[in-house]
Amino acid sequence: MVEGLVDRLRSIVGARHTAGPRPRQLDDWRRLLAECAEAKGGEVSTRTRAAALAQTYLGLDDEGRHAFLRLISLEFGPDPARVADAHQAYQAAVGTAAQWDAEADLRAALRSARIRILTQFNAIPQGVKFLVDLRADLLRYLEDDAELAPLDRELESRLAAWFDVGFLELSRITWNAPAALLEKLIEYEAVHEIRSWTDLKNRLDSDRRLYAFFHPRMPMEPLIFVEVALTDRLADNVQALLDEQAPVFDARRADTAIFYSISNTQAGLRGVSFGNFLLKRVIDDLQRDFPKLRHFATLSPLPGFASWLRRNPQELAADLPDAELGALVSGEWTRDLATARRTNEGLAQLAARYLTLAKASRGDGRLPLDPVARFHLGNGARIERINPLGDASAKGLKQSIGVMVNYLYDLDELEHNVENFAREGAIANSAAVRRLARPK
Amino acid sequence: MVEGLVDRLRSIVGARHTAGPRPRQLDDWRRLLAECAEAKGGEVSTRTRAAALAQTYLGLDDEGRHAFLRLISLEFGPDPARVADAHQAYQAAVGTAAQWDAEADLRAALRSARIRILTQFNAIPQGVKFLVDLRADLLRYLEDDAELAPLDRELESRLAAWFDVGFLELSRITWNAPAALLEKLIEYEAVHEIRSWTDLKNRLDSDRRLYAFFHPRMPMEPLIFVEVALTDRLADNVQALLDEQAPVFDARRADTAIFYSISNTQAGLRGVSFGNFLLKRVIDDLQRDFPKLRHFATLSPLPGFASWLRRNPQELAADLPDAELGALVSGEWTRDLATARRTNEGLAQLAARYLTLAKASRGDGRLPLDPVARFHLGNGARIERINPLGDASAKGLKQSIGVMVNYLYDLDELEHNVENFAREGAIANSAAVRRLARPK
Amino acid sequence: MVEGLVDRLRSIVGARHTAGPRPRQLDDWRRLLAECAEAKGGEVSTRTRAAALAQTYLGLDDEGRHAFLRLISLEFGPDPARVADAHQAYQAAVGTAAQWDAEADLRAALRSARIRILTQFNAIPQGVKFLVDLRADLLRYLEDDAELAPLDRELESRLAAWFDVGFLELSRITWNAPAALLEKLIEYEAVHEIRSWTDLKNRLDSDRRLYAFFHPRMPMEPLIFVEVALTDRLADNVQALLDEQAPVFDARRADTAIFYSISNTQAGLRGVSFGNFLLKRVIDDLQRDFPKLRHFATLSPLPGFASWLRRNPQELAADLPDAELGALVSGEWTRDLATARRTNEGLAQLAARYLTLAKASRGDGRLPLDPVARFHLGNGARIERINPLGDASAKGLKQSIGVMVNYLYDLDELEHNVENFAREGAIANSAAVRRLARPK
Amino acid sequence: MVEGLVDRLRSIVGARHTAGPRPRQLDDWRRLLAECAEAKGGEVSTRTRAAALAQTYLGLDDEGRHAFLRLISLEFGPDPARVADAHQAYQAAVGTAAQWDAEADLRAALRSARIRILTQFNAIPQGVKFLVDLRADLLRYLEDDAELAPLDRELESRLAAWFDVGFLELSRITWNAPAALLEKLIEYEAVHEIRSWTDLKNRLDSDRRLYAFFHPRMPMEPLIFVEVALTDRLADNVQALLDEQAPVFDARRADTAIFYSISNTQAGLRGVSFGNFLLKRVIDDLQRDFPKLRHFATLSPLPGFASWLRRNPQELAADLPDAELGALVSGEWTRDLATARRTNEGLAQLAARYLTLAKASRGDGRLPLDPVARFHLGNGARIERINPLGDASAKGLKQSIGVMVNYLYDLDELEHNVENFAREGAIANSAAVRRLARPK
């Protein structure tokens, strides 16, 4: 396995650039990685060496990083022969007193040097952030290079252990937070762009809340954050929510909390889920501060709506026979009142069908196609209301043709919905949405 | 496997007490644990249920806890048949492009529900401390019940990930620390008992330092701590160090730091090592604050010395033909100056031989028998000096017949020593210690 | 005025010791103080010089400090001639537009260099604490040297400005407070001695509260603190309250808060009152945390009771004709049940008369003799109940012959009581206390 | 005095508006203020009432506030008759043992209810900030109403005690500071406007420092702040310093610290000086962090330069006979290189004369006319270099015709300079500046 590696590395590297890491450089890395794997000179020295190696990694370009990660993935895995022996002993021991030791031995045989090496990188300052970013690299390279998969799986599993929700801190972020942190919100906001510090300050006003999860070792890095508006009705339009000129609502009178933006910030934590815990804990915190709150709902985009219509022109034709997708996305139809009314009716029906009927190809074919729907329905929310022209921004038109949806978190039915969704893919709906989705 | 469990549980339980957890109770636990393992009703609800289960655990007595942990260990392990299939696929794939997926699949087949369940307990407040304490229970039960081993190994592995040294915070503890924390030092000090708050305050005076490692999720629980005296010579007597009446040394003049007590505090973290990192980082911190420091050494007990002499009377006879172990341990010989001088000479030679020649039965027969020697030599220190009557306390006489030893941390030779110790069991010594250890 | 000073200084100094500050030393001080007063070389340099002078002060013995403070008091006061001119201008201007400037000029003429000098001492680290301690010195010397009065008055006035209650922070002190702070509570507790760290921990348990006022520039120095017991009845015995073995009361069920110890800690803040604010804010805080609390009362000693009986034997003879003060103070009478019952009856009547009728000689003759009664009645509390044998400690017997009293803070009548007490010296009483106090 | 007040109030009020506070309202205030002055019902209740009064004040418009402050100033001053008696007793006692008590009594007679009332306002949350802002109001009203002077003087004196430099905290402000605090810097910057958050971030980069003084009771309010650039030469151009595109200088190599902006933020603290302490402590802090720093200098505007030239056309004519002030201020002359060179030469000479010869009318005629020069020369700095076109912004041209000046803080000569400046108004100059200032 090892023998062919340099060639293989050279081939992938060579396929892209004329110059890549030289064989000698690969040999240096190989030697250093082996020293890390063996903890030569003791754990303390090893960490120091690993830190140097991590610094080296930071200095590499994408090509070098890819080669470096391949080296770890391909050469520092478990030894198949040792695994075979341990497995044989394990199966022989099943049912006897020796089973338990044999199980542990098999597990040990599978434990690879890869994760030992990566964990040692944790020794540099901000080591956790380093590994999260390294996995973000890995995920990018993985798209074209499936042989990185075992390293990715091991790293994901380790990050899942480190980012267990029990370790995360829920923090409310206010205008008193450090500018260096607030700046990250501006950078990371993935749903409704924060246009300026004034826009941000407006989102932190007394009728708003912003919560984030933090890891104790990444103190200035929000992992995921949610923006909440306190109001007295189910909000149907995001421009109205974000209007900096709008009067401030007296939050003590609020009976409804609208989650109008949820952003994951760390590409390297893909597959490590904590978004559902976030909403649960935010709801707890809001209930404590505002005992009059009765309704918890989102105002969400339908990010896959326009592409679904593009791939399914017959759907569009059925509800809006005169419409043309390009024109819809441009938003020109919104100018004429009559056209807008008619189009909105059709869009509401289309959106209802899209959300409740369109399924993702991956999984068992029962998961909704829309990723935001998957998230909230998986959390036990129900599709409460479709809001045509809920987001008239260029992005809103392009992705969702302006449609937004309220997912309602009814605390009494959450667990029931989660169960049904998980068991049979059942999608919870309000009667109004069911009516819209019904074939004519 | 599952079928016989209740009987087996009943048998171990019955072997001790007439009453233990009733079958119905075990069935309840089994059902709840299965729900946790399947994450029924969603992760958020599962965590809530797991928290309830963890609270239940806290209410059980040892018998109940043992039965509970057996349930997890025996019934929530991997399925041997599924492991066999995955292994077959893996071996078939070795050397092909499919190897990496197959490796991940085999790993997944071995991933048990046990650790998933335990991790969910992390949801209770102070969940990490709960799991550390649960493992302390587990280690106690394990002494008589080897079938708990797989659960223990999986938990140790998870705790090792969580307590990676990259997550630990080194803190200096002063008299300004919370009383609730200082109280824990009094409770946990394992080497030289802290007799009173005055004694503790003396150990935190301006010529002393006390450092501890903390985990961000166990904020008031030191994991390990070291007590340091700043002085101008290699200390040879611990009573002198702990004398509350002794004048305070001007620390700015210090050239030597003596580590005179190192205590691990969490029984549940056995096997998760961070002591070597502690000393390294303490030395860094001391060097920053006291640039004149040149020497770093311990003043350590020989906890296994008296028992070794008991098991090896010929050694005692060789060096101290007139002495009798019972009398030595009683300390009466210290009263007569001439006797004391003669005895001390013999004890120094015996201690030197004990430290350099007596080997532990476990491992490959090259590890020193003395656990403190194992720790410091494994860190790269050398045995610098033997100090007869270095600890004249009752405990010091009983364990070490009053002898103490200085292990010297020479920063230039640490790595070299670690290497030699790991490769060939070589023990670093000063010339004086070598002379003492030489057979006459 | 200045001319005779060295002689006068020499005389007071000489009256006590043969050696005192030499004339040359006084000249040095005089020169340095004059430089401070003139701010020679700029304010920044002056502060540096003042800091040096403050350090000098700390190195002096009582005699030196006394001489130093006299120097400031006598030589750095206002100039009577300048005051006379300013006063004449002021009186001439009264009623005209020039009155306001003239008033300011007169005030400026009276502003002395003394306080300017003292304020400059504030530049040393912990300068505020330095000045508070300097005033404690001053108050001691003042007992025998009335010429220090103007300095004391000016310093008191400045400290009153700095320790305005608006600047003080109310903090709850728990077992999580720094040991260095808790140690001060042990040192400062003036009512019921804290015997050990265990005793202190018991006073910080979940059925207790301890609050203190802090100044932002004296962060580890409680200025005054109060100890509170949460209970379900009007406590009548302090030994029961302080019993470390007593079971912990479930504070959520408490309807009564007992203030059982209030200690002023800074002798140098005499005359700067904040105790009444403390109780008010503690009551606010308790009400927020324990909404069921209905009653707020003290359990207080009668510190002047025994001395009053000593000075008024006829009172004792009237109620306890057989008793002898020395025997009462010894506590032997408590051993025989019948004697104790009879004695306690008499003591209750005597205590009621002492509290309600005995008047202090200072003031207008309407203030209660007992200092604790003065404090609580001045705050608007009423004398609720007399508890014979409420404090059977040696100190309790010696000062109060074991009697304790509950002052009740009835929030509805506080202001009314304060008013009546201030206007006519009216003492608020329960009916039971009135009955006891009634002449037979 | 009191009798005519309502009329007088009505007159000033009436002079501006038809409606002002009604007589009844004034009577209410008078009654409430009198209750505060007497502390009716106890200090605790009084503070509550004072807080209500302070809240009332916040609700008033300028006219109401002015009337309210007049009421305090005119009706709650000392009683001239009582002052006369106390003064007579004082003068009679001078030289006798009774002098010291008499001095204290006179002082007490002058102590007015005004300051007692104002101090009580300190009880509201953010009471200190309230009083600082109240004084800012007072200073505005004082411009047209000299009868507010005694209140202003008393308040200034109290604020000076509270804002003693010993209470102030020097803090370094970084990009990690709360946005709510950084926003205040943008608002308060008085010298070189902060144009955006990006501009601010640039001023907090690694080659910059920003320090502020804070009061412990105004935690988010910088009192004064200074912006520092770390560099390797005496900066001569502020646009270059503020250029966001300029590369970041490696601060470890810096030998020069340039103070390029100093802003006082609290109008209500006029007359309470701490700016000189700020620079001293900033220099200390910089020296600790950057031991290579040798030079400390400002890059300062000449805010009164253009107006001085306007009032002294003969000066302009002497050095720049062809120039016309309006054209200079417009900045058009900077476009032609030859003209610019010639003009700059003349401006340098004019600026040198302005700084060294132009005197303020207030004081004893020895103070420099330029306020920035007064501040730095008063601190002991010397005029080091004149930089024509050091600030080509519109504001820089309008105030200073683009000229900037470096004041150098030479630590060895500071005290000497302060002394000479204070004693004889001597202005410290470099030889180059002396040459420029020399009459031709």
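Each chain carries a letter (A, B, C and D) given by its place in the written order, and its residues are counted from 1.
The working rule: contacts are C-beta pairs under 8 Å (C-beta built on N, C-alpha and C of every residue); 3 or more make two chains touch, one makes a residue touch a chain.
Predicted, not measured: the structure shown is a model, and the values here were computed from it.
K.L.:
Could you tell me which chains are in contact with chain A and with chain B alike?
P.N.:
none
K.L.:
Report the chain whose CA-based centre is farthest from the CA-based centre of chain A.
P.N.:
C
K.L.:
Distance from the CA centroid of chain A to that of chain D, rounded to the nearest Å?
P.N.:
Each chain reduced to its C-alpha mean, chain A and chain D end up 52 Å apart.
K.L.:
Approximately how many whole Å separate the CA-defined centres of chain B and chain D?
P.N.:
Using C-alpha averages as centres, the distance is 62 Å.
K.L.:
Counting only Cα atoms for the centres, state how far chain C is from chain D in Å.
P.N.:
Centres of chain C and chain D (C-alpha means) sit 39 Å apart.
K.L.:
Using the touch rule from the top of the page, what residues of chain B touch 2 or more other chains?
P.N.:
Not one residue of chain B touches more than one other chain, so the list is empty.
K.L.:
Which residues of chain D touch chain A in their complex?
P.N.:
175-180, 182-183, 197, 201, 220
K.L.:
For chain A, which residues count as touching chain B in their complex?
P.N.:
1, 40-45, 47, 73, 77-78, 80, 83-84, 87, 90-91, 94-95, 97, 100-101, 103-104, 106-107, 110, 119, 122-123, 127-128, 146-147, 149-150, 153-154, 158, 161-162, 164-167, 216-217, 273, 276-277, 280, 378-380, 414-415, 418-419, 422
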